[in-house]
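Two complexes, one shared chain (subunit A), two partners (subunit B, subunit C).
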Partner chain A sequence: MIAQGLRDRRWRRIFLIVGVVVAAYALLAPLTSLDFAQSANVPLLADRLWFRLATYIAMFIVMATAWNIIGGITGYAAFGNVAFFGIGAYTTGMLIAKAKWPFLAALPFAPVVSALFAALVGLPLLRLRGHYFAVASLGVGVAVGELVQNIDYGGQPLFGGASGLFLPIFSIDNRGLFFFYLMVAAAAVAIFATRWVLRSRFGYGLIAIRENEEAAAVIGVNTTSYKVAAFALAAALTGLAGGIFSQWNVFINQDNAFPIEYNVQMILMALLGGTGTVFGPAAGAVLLQLLIQFLGGSLPISVDIPFVSTAARPIVAQVILGLLLVAVVIFVPRGVIDFFGGRSRLSLSYLRRSLRETSL
Partner chain B sequence: MSVAAAAPQLELRGVTKRFGGVAAVDGVSFEIAKGEIVGIIGPNGAGKTTLLNCISGLHRLDGGDIRWQGESIAGVAPHRIARIGIGRTFQIVRPFGSMTVRENAAVGAMFGSDAARRGPKEAFEMADQVLELVGLEAKAGHPVSALTIPDRKRLEVARAVATKPQLLLLDEVMAGLNNVEIDEALEMVRAVHATGVTVLLIEHVMRVIVGVCRRAVVLDFGQVLAEGEPEVVLRDERVIQAYLGERYAKRLKS
Partner chain C sequence: MADFVQLVILGLLAGGVYVAVGVGFGLVWGVLNIVNLAHGALVIVGGYITWQLFTSLHLDPFLTLPVDAVALFVLGYVLQRGVINRIIRAPLLFTFLLTFGLNLVIVNVLLLVFGSDFRSVTPSYSGQGLELGSVVIPYVRLMSLFAAILLAAALALVLNRTRIGLAIGAIASDRDAAQLVGIDLRHAYAVTFGLGAACAGVAGGLIAMIQAITPSAGEPYTLQAFVVVILGGLGRVSATVVGGLAFGLVEVFAQSIPGSGSVFANAIAFGLMVLVLVTRPQGLMGRLH
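And now, the complex of A and B:
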């Protein structure tokens, strides 16, 4: 028992050290790209590729952490959260490209519009339970992307149509560095929001809904408004990531603002890291995004996958992700963070126990 | 104000609930005064739990009216019913499985009636008091999965009591308990009642009804079969018939 406790504490410390080192590297490496660092002959740790990858990882930390609020804490498996990403991207994009607003003035509207939309569709959708909600939310996710591409006004596509929306480049020194830190700030907001939720009355109400919705109602939780609020909060954070993405990427269209695969990826990240926890989805986002980039061949370190041509690698990556989703759901239902919190240790018996729990 | 004070705390007038063609609750009327302990008994399928679901807002009424301190609460959402001061337990316990015993009780104190509804910190203090009242204080830090069945029933009561209700609806909190456990549970119900809470309890164990209730309402096929002092009601021939069948009732008489 004592030995177990010591081992748990050791694991927790290892996890903490690894986390701090990775976070410190990620936060400090960009500084080596600044002019004064370069003139002082500091080795360059962050090139353009690094910034692109790291910003993507931060973006997925926001989305996975946001999904966790509705999917993990409240227990409503939303499969269409990419709609909020796209709405955030198009809100900021339209304000900048068509209304000629400055980026920083346009950005706050991304989370606001996304949250309003979530509240609107959430009111009817969140009356559905289980699979019905999952399927309906997936439908919304697909439909919004199609609508944005196809709505015409006076014979002209309202949102740029199939040719997408071009934004003027945001002129600032060290653009890569700026957008990386902005996305990291959004990730920090998402993580702190989750931490606040889990310690608040609001969060206890959401967990009560997840555990037993009728029991939550009869002890006085206004289940409808709590669910809608959780959905809107998740949407606001996801929309914020979308808003930053639109100016960072300069060009948005249906394909990059409403990618269907993001739906699965953000859920997989939260599941992999551990749903209902503060840092689990973020850890899952880092691990999975690195794996996706590795399989897709865009990491500096790469191995050839036998029998697979370079062109087919992204497709094979999707197949592997699908298999991983199945494996995670069956074998690690509480996420990898379960091993680091000191509650469990990865072993064959753990996997066997999980299989018993998750299968009939 | 004077009108509200004169009205019974809870008043059921011809409450009806149908599922398809079956009237599970069929024109039930009775009143409960503040501070009473009233028992509802009746054979399986008599509509007891359905009646509680009607009062706590989980079912919409198909007829009749339910009045709380003189005002209609028919069609009011469950969380609003909880807010005005009606708490309940479920026959099949529904704990929040991922939380500890203490957290379960604390959630009740965070929401519940207007007298509860406090922030997490104060709610946890109140949870400790409630757990002491039901005798679960030694297991406050345990996960729900570590509790025995009687303890889970206690937790179900603790969570409802933590909502600071004026009226507590208990749905078979003694079912499945052995004699010693029933005595302990009886103590718990008396302790809760002593804090000034009106109690309406559904029970199959006659000893419980006779032991704590001053008044019992007998339901059969969704209708009120008899109402009155438990000892008198339980000797009523129609009640014996409903429970044991006509032939046995005749044999008992002769």
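And now, the complex of A and C:
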């Protein structure tokens, strides 16, 4: 028993050290692309591709961490959070492209508008439970994207229509560096927000709702306002990521602002890392996003999949991702990070036990 | 007035497809408590089988429907027995993710096999229709409405008159009691999912005759099936039939409003669903338990 405890603590320490080293490298490497670092002959550790990948990972950390607030802590299986990402992206995008606002003035409106929208749809939706809430929120995700693409005003598409919305390029030195740090800052905000929620009265109320909503109401939790607040907080954070994305990517349309697959990716990330925890979703986001990019062949290190042509590769990547999703759901219901966090060990008996717990 | 009659007829005809898509989805949801996000993908598998048989063997597309049903029953049985049964007692988020994963796999395997081109099934009579005064009813649409009603009737017959159907009904009302009286849950669950998939396959065959299909064309049908089942009320085949026809009517009438178009199909479906859930959660025909 004691030996087991010691080993677990050692694993946890190793995991923590690895995490800190990786995070420090990821945060410091881009500085080597600055002019003075280059003139001082520091080796270049971050190129264009690196920035793109790292910014995407940070973006998914925001989304997975935000989903965790409503899905993991409150226990409401939101399946349409991509709507908030898209609303954030289009809010900032419209203010910049149509109203000619500067980016930094337009960005704060992304989380505000997303949160307001979430509160508005949350009031009827959060009265639904289980499957009903999940599919209704999926419906919101699909319907909002469709409305944004197709709403006309005076014969003109209001939001750029099917051809999308082009934003002027934000002129700043080291753009890649700027957007990377901006997205990292958003990720930090999301993680600190989760930490705050978990330690506050508000968070205890949310956990009570997850465990037993009637009992929570009986002990005096105002379940409706708590749920709506959690939904709006998740939406605000997701919308912030969307707002940054719109100016970073310069072009937004229905496909890149409302991708249905993001809904599932953010949930899978939170699930991989462990729902209801502070850092779990972030760790899951790093793992899964690296895996997706690796399978898609856009990492510098890549392995050829046998019998697969380059053209078919992205499709095969999707098949593998689907199979992985199935495998994770079946075998590892409590998240991969569970093992590294020292709460249980990866072993055959663990897999067998989780199978037995859920199967018929 | 003639316009109104035409819209009603078109609505009922459109509803036929939704009946076919909805009955299988409702069965799986009602009995297994699974919202099957791969339902639309299974529908399109049926569509491709019909397309393949039609183009290579020149079979009449309506004759391919039984093939769709049998093939999809086998696929559904295997999926439930091999995969979904393993997490049937897990929280709902897991069944959601699992069926989404299956959806991803099926759609992308279809992409690998058939490519992303639009495929359509056009038998010789596809352009013809029945003329009633100023109203024209396309034969294919009319036939598919009949086929859908027939499908629902067959499903109701299986559920109410056969031994396995009664077992499925018993499971739906009390799983533990059903197990106590000796029903093999694993088998019965797999048959249920297989029947649901078979209905999806027939729906896919009908859809392939009405619209051009691609591997991802099934995705809107998953959401629409959900709305149809909610609209009618969960738990009975006849309720889903009413829900499907009502949904077809709503869609056709909503699209006839000037300024809107088929582009808002999902938004209409979604708005209708929230309206029903908030005002009448048991559906038009449903009974609250």
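Keep in mind that, in the parts below, the second predicted complex is superposed on the first by the 359 of 360 C-alpha atoms of A that agree within 3 Å, B and C clash if a C-alpha of one lies under 4 Å from a C-alpha of the other, contacts with A are read in each partner's own complex, and residues count from 1 in each chain.
Just so it is clear, a residue touches a chain if its C-beta (ideal position, glycine included) is under 8 Å from a C-beta of that chain, and two chains touch if they have at least 3 such contacts.
Quick caveat, the model's predicted, so the values are computed rather than measured.
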Inset, instruction - Check whether A:Gly273 is in contact with subunit B, with subunit C, with both or with neither, and answer first, second, both or neither. - result: neither
Legend entry - Residues of subunit A touched, compared between subunit B and subunit C (which is higher): C
Inset, instruction - Examine A:Gly242 and indicate which partner it touches, taking first as subunit B and second as subunit C; both and neither are also allowed. - result: neither
Inset, instruction - Could you tell me if A:Pro281 is touching subunit B, subunit C, both of them or neither one (first, second, both, neither)? - result: neither
Inset, instruction - Based on the superposed arrangement, let me know which partner A:Gly160 touches: subunit B (first), subunit C (second), both, or neither? - result: neither
Inset, instruction - Name the contact category of A:Tyr204: first (subunit B only), second (subunit C only), both, or neither. - result: first
Inset, instruction - Figure out whether A:Ile219 sits in contact with subunit B (first) or subunit C (second), or with both, or with neither. - result: first
Inset, instruction - Tell me which partner A:Pro30 touches in the superposition: subunit B (first), subunit C (second), both or neither. - result: neither
Legend entry - Contact residues common to both interfaces of subunit A (with subunit B and with subunit C): none
Inset, instruction - State the interface residues of subunit A toward subunit B in the complex, per the touch definition above. - result: 199-201, 204-205, 207-208, 210-212, 214-223, 276
Legend entry - subunit A-touching residues of subunit B, taken from the complex the two chains share: 56-58, 77-79, 81-83, 87-88, 90, 94-99, 103, 106-108, 110-113, 116-117, 119-120, 123, 159-160, 163
Legend entry - subunit C contact footprint on subunit A (complex, rising order): 71, 77, 79, 124-125, 127-128, 130-132, 134-136, 138-140, 142-143, 146-147, 149-150, 152, 260, 264, 267-268, 271, 312, 315-316, 318-319, 321-326, 329-330, 333, 355, 357-360
Legend entry - Touching residues on subunit C, where the partner in the complex is subunit A: 29, 33, 35, 83, 85-90, 92-94, 96-98, 100-105, 107-109, 111-112, 185-186, 189, 219, 223, 226-227, 230, 259, 261, 263-267, 269-271, 273-274, 277-278
